[in-house]
Structures are given as structure tokens and as C-alpha cells.
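Below, subunit A partners subunit B and then partners subunit C, in two separate complexes.
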Partner chain A sequence: MAAAGAAGQEKQLAPTLLSFFIYNPKLGPKEGEEEKKILFYHPNEVEKNEKIRNVGLCEAIVQFTRTFSPTKPAKSLHTQKNRQFFHEPEENFWMVMVVRNPIIEKHKDGKPVYEYQEEELLDKVYSSVLQQCYSMYKLFNGTFLRAMEDGGVKVLKERLEKFFHRYLQTLHLQSCDLLDVFCGISFFPLDKMTYLKIQSFINRMEESLNIVKYTAFLYNDQLIWSGLEQDDMRILYKYLTTSLFPRHMEPELAGRDSPIRAEMPGNLQHYGRFLTGPLNLNDPDTKCRFPKIFVNTDDTYEELHLIVYKAMSAAVCFMIDASIPPTLEFCRKLDSIVGPQLTVLASDICEQYNINKRISGAEKEPQFKFIYFNHMNLAEKSTIHMRKTPSVSLASVHPDLMKILGDINSDFSRGETMDEMQTLQLLQPC
Partner chain B sequence: MAADVHKKKSWEVPNGSLAPGDGQHTERSESPTPGLAQGTEPGMEHSSPRREARGGKSSSSCGLGPPQPCGRGRWAHSSPAGPAPTGCCGMGRGGRSPLHPSPSMGDTRTDAAWPVVPGAGQEGAMFVHTRSYEDLTSPEDGAAAARSPEERRGEPAEQSSMEQISKDFSELSTQLTGMALDLEEEMRPGKEGKLEPSPQTARRDSVLSGKEEEDVTMDAWRLHRKHVFVLSEAGKPVYSRYGSEEALSSTMGVMMALVSFLEAEKNAIRSIHADGYKVVFVRRSPLVLVAVARTRQSEQEIAHELLYIYYQILSLLTWTQLNHIFQQKQNYDLRRLLAGSERITDNLLDLMAHDPSFLMGAVRCLPLAASVRDAVSSSLQQAKAKSLVFSILLSGNQLVSLVRKKDQFLHPIDLHLLFNLISSSSSFREGEAWTPICLPKFNSSGFFHAHISYLEQEMDLCLLLVSTDREDFFTVSDCKRRFQERLRRRGVQHALQEALRTPFYSVAQVGIPDLRHFIYKSKSSGLFTSPEIEAPYVQEEEKERLLGLYQYLHSRAHNSSRPLKNIYFTGPRENLLAWVTNAFELYVCYSPLGTKAGAINAVNKLMKWIRKEEDRLFILTPQTY
Partner chain C sequence: MAAAAGRQPPGPAEGEAPAAGREAGAGGEEGEGRAKGGVEAGGCYLALCARPVHFEKANPVNCVFFDEANKQVFAVRSGGATGVVVKGLEDRNPISFRMEDKGEVKCIKFSLGNKILAVQRTLKSVTKNANILGFCWTSSTEIVFITDQGIEFYQVLPEKRTLKLLKNQSINVNWYMYCPESSVILLSTTVLGNVLQPFYFKSGTMSKLSKFEIELPAAPKSSKLSLSERDIAMATIYGQLYVLYLRHHSRTSNSTGAEVVLYHLPREGSCKKTHILKLNRTGKFALNVVDNLVVVHHQDTETSVIFDIKLKGEFDGSTTIHQFVLPPRSIQPYQIPVAGPPSVTSQAPVPCKLYSSSWIVFQPDIIISASEGYLWSLQVKLEPVVNLLVDKGKLMDFLLQRKECKMVILSVCSQMLSEPERGSLSVIATVFDKLNNEYKKYLEAEQSYTMVVETGLSRSNPLLKRPVRTQAVIDQSDMYTHVLSVFTEKKEAPHKFTIAVLMEYIRSLNQFQIAVQHYLYELVIKTLVQHNLFYMLHQFLQYHVLSDSKPLACLLLSLESIYPPAHQLSLDMLKRLSTANDEIVEVLLSKHQVLAALRFIRGIGGHDSISARKFLDAAKQAEDEMLFYTIFRFFEQRNQRLRGNPSFTPGEHCEEHVTFFKQVFGEQALMKPTTF
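Entry: the complex of A and B
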């Protein structure tokens, strides 16, 4: 595709987010009140009538498909220029994401000509991205319905605005692929002894810090232990690995003399520090504010404070009931108990990890490239992807191959008889 | 020339149609009336512009006949005896009342309506007579339309000729079965603008089209594997595979609204995807085609099938006429013109669901010894006439031989439409039919005239002679006679009969134990070969499932942005392999117990076998006149 023809250079424009909106048709059922249906609309600058029109189109599509299947309405709409994805996470609340198809820009007679590539985007990938948007919102805000109960449409709109305004900027649509469909968790491989050490560490911590309700333990951005339900852990894992950890990478990588480093609390006994909560425990005015998260929203609907504490490559998440506000004193206690032990544990794991690596010779380029995903425990492993970062696509294979893998995935999930498929050969990617 | 039939019609239907309002027209128009070039006809006034539309310009497809004094239809029958000399006659194809607009330039106004004999559905003869021009007298559409039926009756001259014709017809007993007569009523010219369905219309939906009316709110309706809808840009229903168009008119209105909404934003709707089904839109102005499919086909394949439906409509109307109609009147109810053709469209959809020809975009040949086929081809070749463009001999949906004019090529799509036309009506067995048909891939603006007949009553061997001249029925009919004579003289009839007894070969002949079925397409010739589908694919659903698997492999291999060359698929009930090169495509089905290595070995053997048998399975040297 990159080949420049005689006609001039071709430029490929990646898929981009055109709009993203959330509406509830029940909120403005009367004519003339359509605007009331709209709970969130990005980009907000769009003119009111256009918002109403676009929402109206989605309603019409959904309604239209109910003619053919009352319980399974439309999931996506393909048009020449874009794809729209529909998701109804809670009854009557619709989320819609509109993604522009990739474009090839050519020049003919000096004028740019745009050619939309209609078959490039994979529905499953972007539907999953949309579902993740909801899961992420729900993790930090609870359900839409709960917001309505708390304070009506006004509160819901505020929460949506506050959350999505920032969250949408972190969507990197051009690098979404099959891994977004799985939204799996990468587990850290570990020998039994070390695993037991971690287990016992967690038990001790939960014992000493008795307000802790759930704990999760990660090393190198990979999960080792979690007390949360799978689905909650899956989205929390996504948040930690694509947002929270990367944001705190810089201080660790920064040299000892860098100014960033200087801000870190000087603590000679251990390397532990809070990734959420107080920056400097020695400052009595520091605020002990932790993000709130919502888990088990289907039944018990728990609201928790999320404390993430890290020492070297080991991170541990403590979740405590939101009704008990963590004080500075609690934070200091946590730091003094967890910090030293976690530091030791982290170096144990590191040592063990290096031994294992030497034995298995894992440094070599793997002979087969694969993506593995286990639906039962959400375990995911890929030798195609290099380290995940939030912004860049790091698949080490041709993007077309990733798309073919995506095609195969959607065939499997659709098919009654699709058990296995092998041997796909690309027709020369250009 | 008015046949009784004709008379009947004339009174009956006053509703508007494109046809000039005069009663005269009531018969279906048959053909593209080349002869009707403007002005040539005596009595004809200028037809309203809309009538003109039908003509195509292509001279090639239809010769302009010399001006005929009157364009009535001539029908042809097996006994040459009866036909009225003038005019051409289109025969209706069974069951449908085609309206063929005439391609020729301009004003041809023959709209035909069919004779309407209510209740006569099965039996009525369906020839379409063209009315003469005079009949058409209508000064202006409006005026014509306005005429009361009585007035129409008042034109005896015409009628008498019609009578003659119709009499001939009935004598000839060419009957197209299954036509719903009511349809014809619909077709008849009436006042324009009155779109309300008449009582007959309602009837037609249930009776004529032969479809059960389905309650479109029922689950059974929703669960059909594939719905197909055709509508006009005004959102008016043109065709629905299941359920009556009336009951679905609001649904179709929504479809049109979706299409126009996106077009207003300089965008275009392609499809809607949901769990278990997709809705695919194809826009071919002035029509919109929509499918709701629960099959495993890709969006592209479904769109491809919709295009077939579009071409099917063009083959009845021509592109030129279709456009002209809607230019004249945006909210025209096209069902009037297509009434009776539903069966052909239904048949096409059914055929696509189990015949791989459409998927492959290729034609299957009847396996036949090369010497026999050569004899048949040269007999066809010798039985030529000036106006002949294609001579086609087919059996079932398999090609036996095809001879064409030099430099003229028949697109597989056009050939499929011809096959479909023939398979959708058994009436062609009854005699010789002479019907106008547009071959949209060849020339979408004009009509050819097809002479269709079976060689012998009991034999499934149909001869199709495609001519450019609608006046040439007798010449072409004579070609058939000459062809048969030559066949007899060469003494290949027996061998041909023998071959027809086993129109499919068994996959066992290849001698590969795990091999269950395959499809091999040679890209350069547009031909494919495939053995009979045998156990375990005995039941209809199983056959469709197998085709579904082929469709799936085909769509992956031909995905526009990510095409594949080789696919090996392992399923619980069979393994499949697809291999696509520049020269051929091969799809193979194996038992589920084999291995991939075994499958690849088998492909090599299979290719050798096909090479060895190629002169029997394919037509290697296409003939020209």
C-alpha cells in the first residue's frame, strides 16, 4: 500500500474516532425534545441539530433491525466512509462509536483524491473497544443507572463528561487488534516456592491491614494473584497496565539526579511508594485521596478505594471499602509494613525469574509466533506483540496478518462448525 | 388480431401504468419493438415520453426492423402455421408477465398487459402480444390513461387482429404455466398516479405470485434464511421474497430512509451487522436492493447476489427503460411492469442457494465425450442465421454447447440469467417460445429475442437461440430445424441421450478415498466442473450447508483487502481445502478423518484426473459462426 505509483505519493490515513455518543431514547420521547436523549456527545462542538440527527439515525437502525430480530438488534453499521458501533450496556442506554475508515490519499492532477478502505476495520475489535469504554467507565463511576439514582440526568451527564472527555483521548484506534477482543490478562510465570511466598505475603498484609477487602499482585505488569472477580480484574488490569503504570514509568527510569527523582520521597529502607494516594508521606498536608472503583456491580455493588503500591517491578493493589476513608496514618502504616517486605519479595522474584530465563533460554526469538487466549481464566499470551504500551502498535508481524488472525477469530466465534482452521497463506501483501 | 384474451383484457384494467393507457396495449408488450421506431407507425402518435424510454439504443442488440405497420406480437409456436405475420411476439415466460420495453429507440410504446383471465392462472396462454401501434393511439399518456375501458373497446380494428393472434395462440396451445393472470391486470395500463392496489392486486399477491402470504410479524417470517427486498427510490416496494409487498411497505420505507439519510451526508450505507444476521444494501439507481441474510456468506457475496437480482430485473426491462420510467415518474409502482416475474426472481434466489455456479461466476458443462460435443457444436454452428448472436444448448443448468458470433462474448451472468429463465418455467417444453430478453452484461439498453425450445419432449435438452431481430422468428425457428436435422445426420443423438442419462459424474471416478466433493473452475474459460453431491450430503439442508462452506472459503479467498491463496479448514464433519491461483480455483471437500498432508496429496491426484478428463468436462474449443 505504501508503494507510490507514478501518479504521485499515496498517503495512508489511519482510522480515527469521528464521534462517540451516549443516549437514552426514553429521556426525550417527544418530538422537539430529542436533545434530552443525548447524555454525552463527542466532539461537543458539533451543532445541536447534527447531534440529534446522528442519534436519530442510530435509533432508526436499531429499530429497523428489530423488525428482523426483536432481541438482537444491530451491532454495527458499515458505510462507505465509516463504521458505527452500537452497544446497549444497560437497558435503553446506548453507546455509539463512529470510526472513520482508513483512507488512502492519492494525488490526481494535483488534487487530493480520497479512497476509503471499507474492508479494513474489524467489527469485533472495535465492538470490543466500545465495550471496554463502558467497563472502564463503570469501574470508576458505577453504572449509568446508579448515577441516575444518585442525582438524575444531571449527575450522569457530569460523570460521563468528566470521564469520557479524558478517556477518549487515550483510545488509540489505529493500533487496536485481536488482543482488544480478548482483553485478557497476562500472567507472570512463577515457580511454586515463589508463588507461595507471594501468597503468604498477601495473607500477612490482609491480616495486618484488616480493612483491606481485596488484593491483587502484579510483577512486571503481569498478574500473579487477584482476589477480585475475573471481569472486574480484567478491566482493572487494563487500567493498571495501559494507564497507571506507564504514567509512573518515567520517575523510575529517570536517573538519580533528575529533578523528577528528587520529588520522590527519600526512603532508604525500601523502594516502596504509592502510585495512587499520597505522594509524600512526610508532608502532613498531603492528601490521601485514592481513586474509587466499583466492582460486582451486578449483585453486591461494592464501592472501593484503590491503593496501588509499588516496589521495583512488583505492584500490589489493596482495595478497601469506600466507607472507610484511608487516613495519612493508615498510609504510613501501610508503607512501613508493605514497603520493606515488598522490596525483598520483588528482588526474590527477579532473581527467580532470571534463573528460569537462563534455564529455558527464553531470550531467543520464538520459533512460532502465536497468540494464546484461555477463556476460562482470561490468560493471554502473545509472541507477536512486544511489550504493550498504551500508544503504539507493537505487533511484530505485518498488520494484514493481524487482520487475518482477526478474521479467523470472528469466524470461530460465529461458527457452529468452525473448529479449527489451518494454513493460511497471504496473497502477497503489497 | 384481438384474441379473446385480448378483449378481456381490455376491459378489465384501468389502472395506470406506463403503458399507454389505451386498452390496446393491454397485452404485454412484448418485445422491444424494434420495428416501432418512432414515427414509423401509422397510427401512432407520439407516445408520451415515458414510453419512449424503453428503448435502448443499442443497435446491436436489436435490429431495427423495418417499420412495421403494426406492432403486434407475433408469437411463435412450434407449428409455424399460425402466427400472424406482423409483429413480434413475445411469449411470456411462464409465469411472469414480462414487460419488455422495446429497446429500440424511441417511442415504442408497446406495453403489454397480459390478458387477464382471472383464475386462469395456470392455464392461460401467456403470449404477449404486442399491440400494434395503432392501438397505441394514445395521444398522450394522460389522455390515454383517462380513457375508459369502453373507449378502448371501441377500437375494433385492432382487436380483430388481436383476436386472430390470440386464436392462433390458443391453437398452438403454447401455454405458459403458472402465470397468474391477475398479474396481468395489474399491469394493465390505467390511470397514472393511481397507485392504490385494486382488489385484484391483493389477490395477485396471494394467488398469482404463488406465495403464501405470510404474516410479517411472525417469527417464521423473521427466521427465513435470506430475505430479499427491492424498492424504488421513492421507497415503493418492487419485490419481496417473503411476505407481500404491501405488508412490508413501511419496512421498505425505512430502508429507503436509511439510504437517503446517508446519501444526504455524501456517504453510502453498505450493511448492518447484528448477531446471527446481516442486512446488506445495494444501490443501483433507480432501485435499492436489500438482503437480510442469516447465512454465513460475506457481505460481498450477498451484495453479489443482490446484483443478480438487479440484473434479473434489467433483463426484463432494460436499464434504459427502467431509468426512463423513474425519470418520468419517481413514485411509479414498478410491480405493474414486473408482475408475474416474481417467479423468475424467486427461482433465481432458490437457485443461488444451492447451485455453486453463481458463487463461482462460472458455468458448468454437461460431461460429454469430446467427439459428441464437437458434432453438436458444429451442427449448431452450421445452423446459423444472420441475426443470430448466440446458440446455446443446455441441459438442466449445465451447458452442452455454445456457439457465438465472432467477437461477441456472453458473460456468465447473462448466461446464468438465461438458465434461470428456462428453469423457472416448464412452459418452454410446450413448444417454441420467442421472447424478448435483455442481457444486461452484454448490453443493458436493448433487447435480444430468444427462441427457446426443447429438442424433444422427453429429453432435458433445451435449445436457446439468441437473435437481434425480433422479426426473425421463422428464420430462427428454421435454424432449430436445421440443427436437429444435422444432429440426426451425424448420428450423435443417441450418444447425446446417453450422456443426458448421467448428467453428473460420481466423485468415486477420481479414485481418491477421502475425497467427497470438489469444485474446479478454470478462470480463462469461465467454466467449472464438479461431481454430483453424494452422501453424506443427501438432504437439502446438508447440501446447502456444504455450499455454505464453499461460500465461506470463497469469501475468505476473495476478501477484497485480505485475499488468501490457500485455506485448509478442519471442521467436525468435513475438512476442506481451497486453492486459488491466477489460472484456476479449486475447492475440495474431504472426509473429516484425513490429514492435511493427505489432502495436499489428493489435490495433486485430483488435478491430474481433471487434466486427463478435461476434454469431457469442459468445452475446450469454443465455436463461432
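Entry: the complex of A and C
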């Protein structure tokens, strides 16, 4: 009776981002200069001394755990209300993310009572989210160290501020799950012949647009070919599928900016258009600015322009050396060469895909629910997730089951390392 | 050059007035014409054969005749009284004999096989009041006489030295033409001469094919013979018989020049105009057919052009109009070897006068110089064509139809892959597709032949022949040996291009559903590995672009030290092959993955027959005591199950392992035989 009434008023509050900061202890080693260590702090409104205190605490925890495991200091700190995740992506550069545990809000005697669910969050999931924050930053800005070399702390701070100010708003911590641990790549299933046609197309395009260094090809938001190395592709794929493509989905669905350009000379009608770069090729004043990305940062450290061009469901990413600024003339050439061929190819793929689907009977509801991940090629497949959008993860199973799956996964990976020190469980509320 | 499609012997009677409609005045311009044609010596794609037939040149006492059926030249001295010498392109040993001089020889020919000689000395026929136009042998014992009043088909009975009339047909004949290749005689009938009546001869039968009319360029002014035999030729092109008509430029029509009109003459059905070859010039012409190409010689410019009716032309609904394939070129300059023993003659060989007015041209490929006493066959040279045909697709279409094309095609392929004439990928793709189209056609023919033979249907079809592999069939091994392996080894091209070319070839093979040989995959893998492009390799394997095979799996296995995931990729491939279970077990054991090997073999139900010693060896090498214990126990249990006793038999050679087990785990750890 009372329980039923109480249950009816129960409210679940999802985990949220409390704070996120980046520091380097070497930047302010002297007492009184602690603020210099802080490179980025979210939320910025927090009072200076609290920032310093929080950074200092993290430093102390890391230092403390290092005495037990010199190479692998703590990765997370569990408290009653929240959980902190530590990540050192570059030497002495620390990233910390503090996530508030999910809460169940109950009403007792008319007053709200909050119950923190300490065991709900999965370390592996949020550690991975934190690592991806760095990878995404690095993709668009290069390494922290490179920024320091370019213009010292000032430049690094500017870049961090500019990037994370927007990026953190898109984190959607409540919908993170096991798939974020893998950060895998969904590959588009394709028959050999169509695949070879795509290969042939890419090779010819790289030849005609001779400044292209790397190419990636996607269909239906799934990868078919990557000329980039695996780790760079992994993060670029995440950017494309969770940020760039969804942003362009809505105008497409609304049927705006109808892509058929009947005024094309030679009657070359096609559906190709730029997702990055110029909006209107016929406007001589249009800007041909493309996002810059950084790849192979451990090795050759290449800076590239990212051109994303799409026709129907097929998207191609052309990456060209950043030292060659793409001109409007180049964009027009690309459009006239790639557009018609990509349009034909996209409809070929679609046709072939439908044939294969009919043969394999894949249209039916999958018989088994599974998450597949191949660590060698990062191939990922899930029948649990209907469709993952950046804001909502539509898992078709109960959240409890997702959590169990997550636990199993971390048990497996813990089995490999047998390192309990990675997680520090604090029994006292913090 | 006297005749366009000459048939009559180049005797002293040569030098008739040019036929109506022909541009006159060729004779006087010889010197200038040569200068025009001779300038461009490079790129001569036509040549006279290196070993011509030499005969005594025509003079008042020596008459020279040519027989198209046997391709023999007859030099008849003094009507045969002082000797007849017969020489041919094929039979190099001359035949010499004498015969009584019974007057001027009009025509002289051996039957097929050189058994019987027929000689014509008069124009008048004995029996009827008709003029004999000539005769031709259609077999070793069958002969056809053509008179101005009809055609008579006889069988020769050599024992009785008589002729037996098999068939005759009365018809007014202006002139006739014989095509020995197809055993067809063409008669020119009607007053204008432009209605042609073909007859076909085969083993004692003469059949009349449907007659047809040649369209004359302009309505003739008077009722006189308007179609000369000099403007007609017959030849087999791509296995089909064609009548070629040289239609001269007429001032009344607005055509830009003369043209050759091809009439297709099928064995059954009616003759149809099918192709028009545009010459774009006027003057004196002669025709040859070489390697299924129509060659048109032009005396005024001393150049020749070639046409290929299989190449794409302009189709107007009924006929296809063709332009010449290559720019006009002269026949390659030719040196006449100086007669006499080599020791005596030290002087330089004499250049031969090409396109001379004393040249006579016969079908399909014969050129005779009566004044110099030479008979040549005309040849097409393919190497110069490569540089004359810029469009590589068209070049391939052209080369693939030629007899001796293989090495030229392979060299074109090599050329387009390397600097300085590197082709674009789309050109390379087009070339590969054309080659594989031809390759696939052959594979299909071969396959259906094999199927018919295997199913025993061949007995009911005696005409069935194994498909001929022409030089145009360029298979994967040819491409690998002559083009691709050389190209990848040279390493002068950027690796991106190398890989793109290999993938393009594989793409083309797949497109034509030709199974790709593993050495091509090996080439791809080697190139990728050389440039550390393992992720690309991984993606190719993921989409099964590199098809599964044992050699490929082994190659992958060998890459494990530089690319660890190759190990798993290799195992997955072996598993998919499902014929490589032993290999999988070996691979796993070599990696000391003994349990995995055992699980695998149990999964496929082979665990009762495997060697215990092999597994125990591997377990011991793994230096993992628990593993050894597990494996040892597994086999003890197997022994128990199979033989009712857990101990090993001497035949299993496991004594060493039993001792080791006892050492480590103690005697009491051995499994006790179960007693009931």
C-alpha cells in the first residue's frame, strides 16, 4: 500500500557530468602556483580554491596509488555520490572526469530522499569515455605537447577551451554503455564484387584528385574501407557517426537543399554534396574551409584537411595534406568527378545490399541478442542496440542485463591483468 | 599496279586501258608518289614477307601465270617447249617439266595436290560456239569450266583420261571470279554486269546461291558493261565470305572519295550489303585481306590503309561505316637480295620499287611483281601499331583480333604500367576487362566442351571440336609472368599505384567470374607487407577479396611475427576451408595451444583417432604442469573408454610421458582401471 504509493513516486535520475579538468603537475610545482597546473576546468564557474583543491586531491590519489603499482596508478575513485576517472594520455598531462552516480529520488513523509546508486556505473565504460575525449581532442587539435611547442600553455589552454567547451555538452553520459568500451567500428556487409568496385572507385578518385592522401568509404554510417590506420579510423568513425552525419540527417529528411542540380553542365545529374567545406559551389565567394585533423601522431604526425562528400547513403572522406589548401576550383573538380560516380556506386551498393538481405533473410528480427566485438579489426555488431544516436542509446534489453554484460566484460579483462589496484574503492563517503 | 583485284595471269598482255570509272594517270606520277609515301618510314605496319618466291620475270619468251587455288607461279618458256617451272609459297621445291608447244598458253593450273595439269591454249570451246573464259579446280579431281554462255562442272576420271559432266548451267557470263578458300565462283551477268551469281562447290555438287546486284555509283549512261572484275574481290573475313566492291569516286554523288563496299555472302540466305569502308581519297586502289583486315593500297600516294570490320563503326540501320584504323603508311621498304653466290656479290642489295605499276595483287594476301619476278605474301606488323593507336581500348580491340598478338599485348600491358607512358587506372581497367572478356570466352567454351565430353554426348555430335586457344587468350599466368610480377618487382611506381593495379586486375577477373589464382593474392600480400599496410590487408581479408586457400593461409601464418593478428586470420581461413583440419591442429600445437587443439578436434569428432604422443609432446613443451596433467588425464580417459583400461599401449609410444607424469604428480595420480 504505502510501498506501492512510494514506488509510484520514485524517480530515477541519470548519471551526470559533475566536473571535468585537465592539469599538468609540472606546470606549477611550487606552493602558491597551483593554479598554473590547471589547463582546463569545467564548470568554469567553480571557485578557484576549489579547483585547486580538487586537482590536488587527484594528484595525491594518483601519487598514493603509484606506490602500489608504479606503472599503473589508479584509474578511478569510487565514492558514495560520485565517481572520478583519471587518465594520463600524455606524460604528466592528466584528465579527470567526475560523474555523479545515478540517484533514485524517493518521497518519505512528503520529503524527497535521495538514494545514490554507488554500484551502477561501470568503470570500464566511463574510463573509455574519458579516453575517447582525449582521442577526439587529438584528432582535431593534435597532441597537448604539440600545442605547448606551438605556443606554450596559452595556446594549449585556448585549444582545450575551444574544443571541450562544446564537446562536453555532447557527452550524454546517461546513454553510455558497453559499446563505448569497445569504441568499435561497424562494418557494412558487402559481397566481394561490390567491394572490389568500391576499391576501384577509390583508387581512381585518388588518382584523379592526386593530392588525396587517404580515403575512407562509408555506407549507411558503416565503414567499408579505410586508408587510415586503425586507431585513427576508430576515432574518425566515431566523429562521423555520432556527430557529423547526424547533424546532416535532419535537413536530408526534411527534403531541404534538394541536391539534384539540373544546371550542371553536360547533364551530369548527381546527388553528391559536401558535408564539410563549401555549401554552394556556384557561389564564387563560398568558403572552402575544411576541418583539420591530425593522424599518425605517434609517428609521422600528419595534419590533414578532412573533406566529407556524400551521395545518397554513400559517404567518402578524402584527406589531403594540410599544406595544400583546397580551392574552390578543386572542390568543383571533386564534385564533377566524384559526384556522378558516387551516385551510381551508391545505388549499386543499395541494390546489392537488398539482394543479399533477401537471400540471407536478414529482414527478420534477429533470433539471438548479441554484442560482437573483434579486437583485431575493431569490428563491432550489436543486435541489442536498435540504433545508437548520440543522445539516446536504444538498447532493446533491460538495463540490468546491460549492466551484467558490462560486469562480465570487465571480469574478463580483469582476468587478463589481475590488477586490482586499477580500481580504488573508497568506503567512506566523500 | 595494274589490277585492283586481278585474277588474270600477269602475262605480256598486261597493260590494258584503265577500266571505266577509274582515275587515270597513275603511271606518270610514280616518282612523286614515292616521295610522298616514303617519308614516313617509321610506323610501317605492313610488310612484304622476308622469303618471297622468285621466278623468271615475264618477257616475250617467258609467260608467267598465277594460280590462286594452289598459290603457285608458273613460268612457261616458249609455250612450255623449253620448260615450265612451278613455284609456290608453301611448296618451296619447284616443279619443272616440259610439254609440247601446241600454241600460246592462255591458262595453266594444277589440280589440288598437283596430280593433274590443265592447260588452256585457245579461247574457243570445241563443242559449242562459246568462248572459254577460264577454268578452276575445285578439288583434286573436279574442274569447272566457265564460258561466256554458262558454267560446266566436270569430274576428271584420270584412269580413263576422260571428263564426266556433273552439272551445267546456261547463263550469259561477262566475267568470273573464283575464291578457292570458300569454293565459290562468282559470275558477272546481265548487260551492265552488276548482277552477280554465286555458285558453291562441295564434293561433287554444284549449288546455286541466290544472286544479288551491286549498286553502281551512278546510273550508267549506256547499256554497256559497267562493273569490272578489277573492282571486285572475294575474301573470307572472320570466317565469313564477303564480296568486296571498290566503288570509285563519282563526281555526281557528293561522296568524299572512293569506298569499299562489303557484301556478306552467306552459304544460305541472301547476300546483304553490310559494311562500307571509307577511303577518303581517289585514284588507283588495290585490295588485300590479311589477318582478317582489309588492306587498301593506294598507288598515287604509295601508301596503304587497313580496316577492321570488327571494330566499332557508325551504324546507319543496315550498314556499318568504317574509317581506317591507322593513319596511311607505306609498306615497309624492301631490299631485293642480289642474285648470285654471296662470295661473289659484294654490292649492296637493291631497294625494291614499292607500289610499282607492274605489281599485281591477288586475294587474299598475294602481291606479284611480274617485272622483277617476285611473289610475296603481305604481312601485318603489330609492334608499330602500338604507337599509332593512342586509344588503348581501341588498340586492345584491334590486337585481340590478330593472330600473333600475345607478346605485343603483354608488352602493351607492361608499357602502360611503367613510366614514361603510364596509363591512368581507368585505361588500365578497360584493358584488363577486354583481356579477361576474351579469356572468359575461352574458359566457357572449354568448360562446355569438357562437360559434353564427360556426359558422353560427344558421340552424338561428331562435329564437336575442342575449342582452339588463340593467342588472344591471355590468362592469369601470362599476366603474372610477363607483366605483374615484373612490375611489382621493379618498384619504380608508388606502392599505391602498384596495389591499385593489382586490385584492378583482381576486380576484373571477379567481374568475369574467373577464379583468381593464389599467386596473384600472394603478390598483393607481399606488396602490402613490404609497405607495412597490414590494416589494408586485414580489410581485404575481412571482405574475402583475397579468397580462402591453403597456400594463402600458410602465407598468413608466416606473417605472424610481423603482424600478430595474421595468426588468427590464418586459422579462421583454414576453418572456413573445412578441408584443413589437420593443419589447424598442427598450427595450434606449434603455438602450444594444446587445449584449443584438443577442443577443436573433439568438436569435429576426431578425438578418438588422434595420436596421444603428439599432444603430450606439445603439452610437455609448453612447460605448464597443469596443462600436461589435463592432457594426460584426457588420454587416460580415452583409453578407458576405448579399451576399458586407462594405461597406454606400447604402440602409442607414451612411456616417456608416463614416467614424467609419475615424476611430477606421483604414481598414485595415475588413473585406476575402473572395476565393476
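To be clear about the criterion, the second predicted complex is superposed on the first by the 393 of 430 C-alpha atoms of A that agree within 3 Å, B and C clash if a C-alpha of one lies under 4 Å from a C-alpha of the other, contacts with A are read in each partner's own complex, and residues count from 1 in each chain.
In this text, contacts are C-beta pairs under 8 Å (C-beta built on N, C-alpha and C of every residue); 3 or more make two chains touch, one makes a residue touch a chain.
The structure displayed is predicted, hence computed values, not measured ones.
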Of subunit C and subunit B, partner touching more subunit A residues: B
Which superposed partner A:79 touches (first subunit B, second subunit C, both, neither): first
Contacts of A:207 with subunit B and subunit C, given as first, second, both or neither: second
Subunit B versus subunit C as contact partner of A:404, first or second or both or neither: first
Which superposed partner A:190 touches (first subunit B, second subunit C, both, neither): second
First, second, both or neither for A:225, with subunit B first and subunit C second: second
Subunit B/subunit C common contact set on subunit A: none
Touching residues (chain side subunit A, partner subunit C) in the complex: 187, 190, 192-193, 195-197, 199-200, 203-204, 206-208, 225-227, 229-230, 233, 376-377, 379
Residue numbers on subunit C that touch subunit A, as the complex places them: 424-426, 429, 496-497, 499-500, 503-504, 506-507, 510-511, 535-536, 538-539, 542-545, 565, 568-569
In the complex, subunit A residues that touch subunit B: 53, 57, 60-61, 63-65, 67-70, 72-82, 117-120, 123, 400, 403-404, 407, 411, 414-415, 417-427
Sites on subunit B touched by subunit A in the complex: 222, 227, 251, 254-255, 257-258, 261-262, 267-277, 279, 292, 296, 299, 549, 552, 556, 559-573, 580, 596
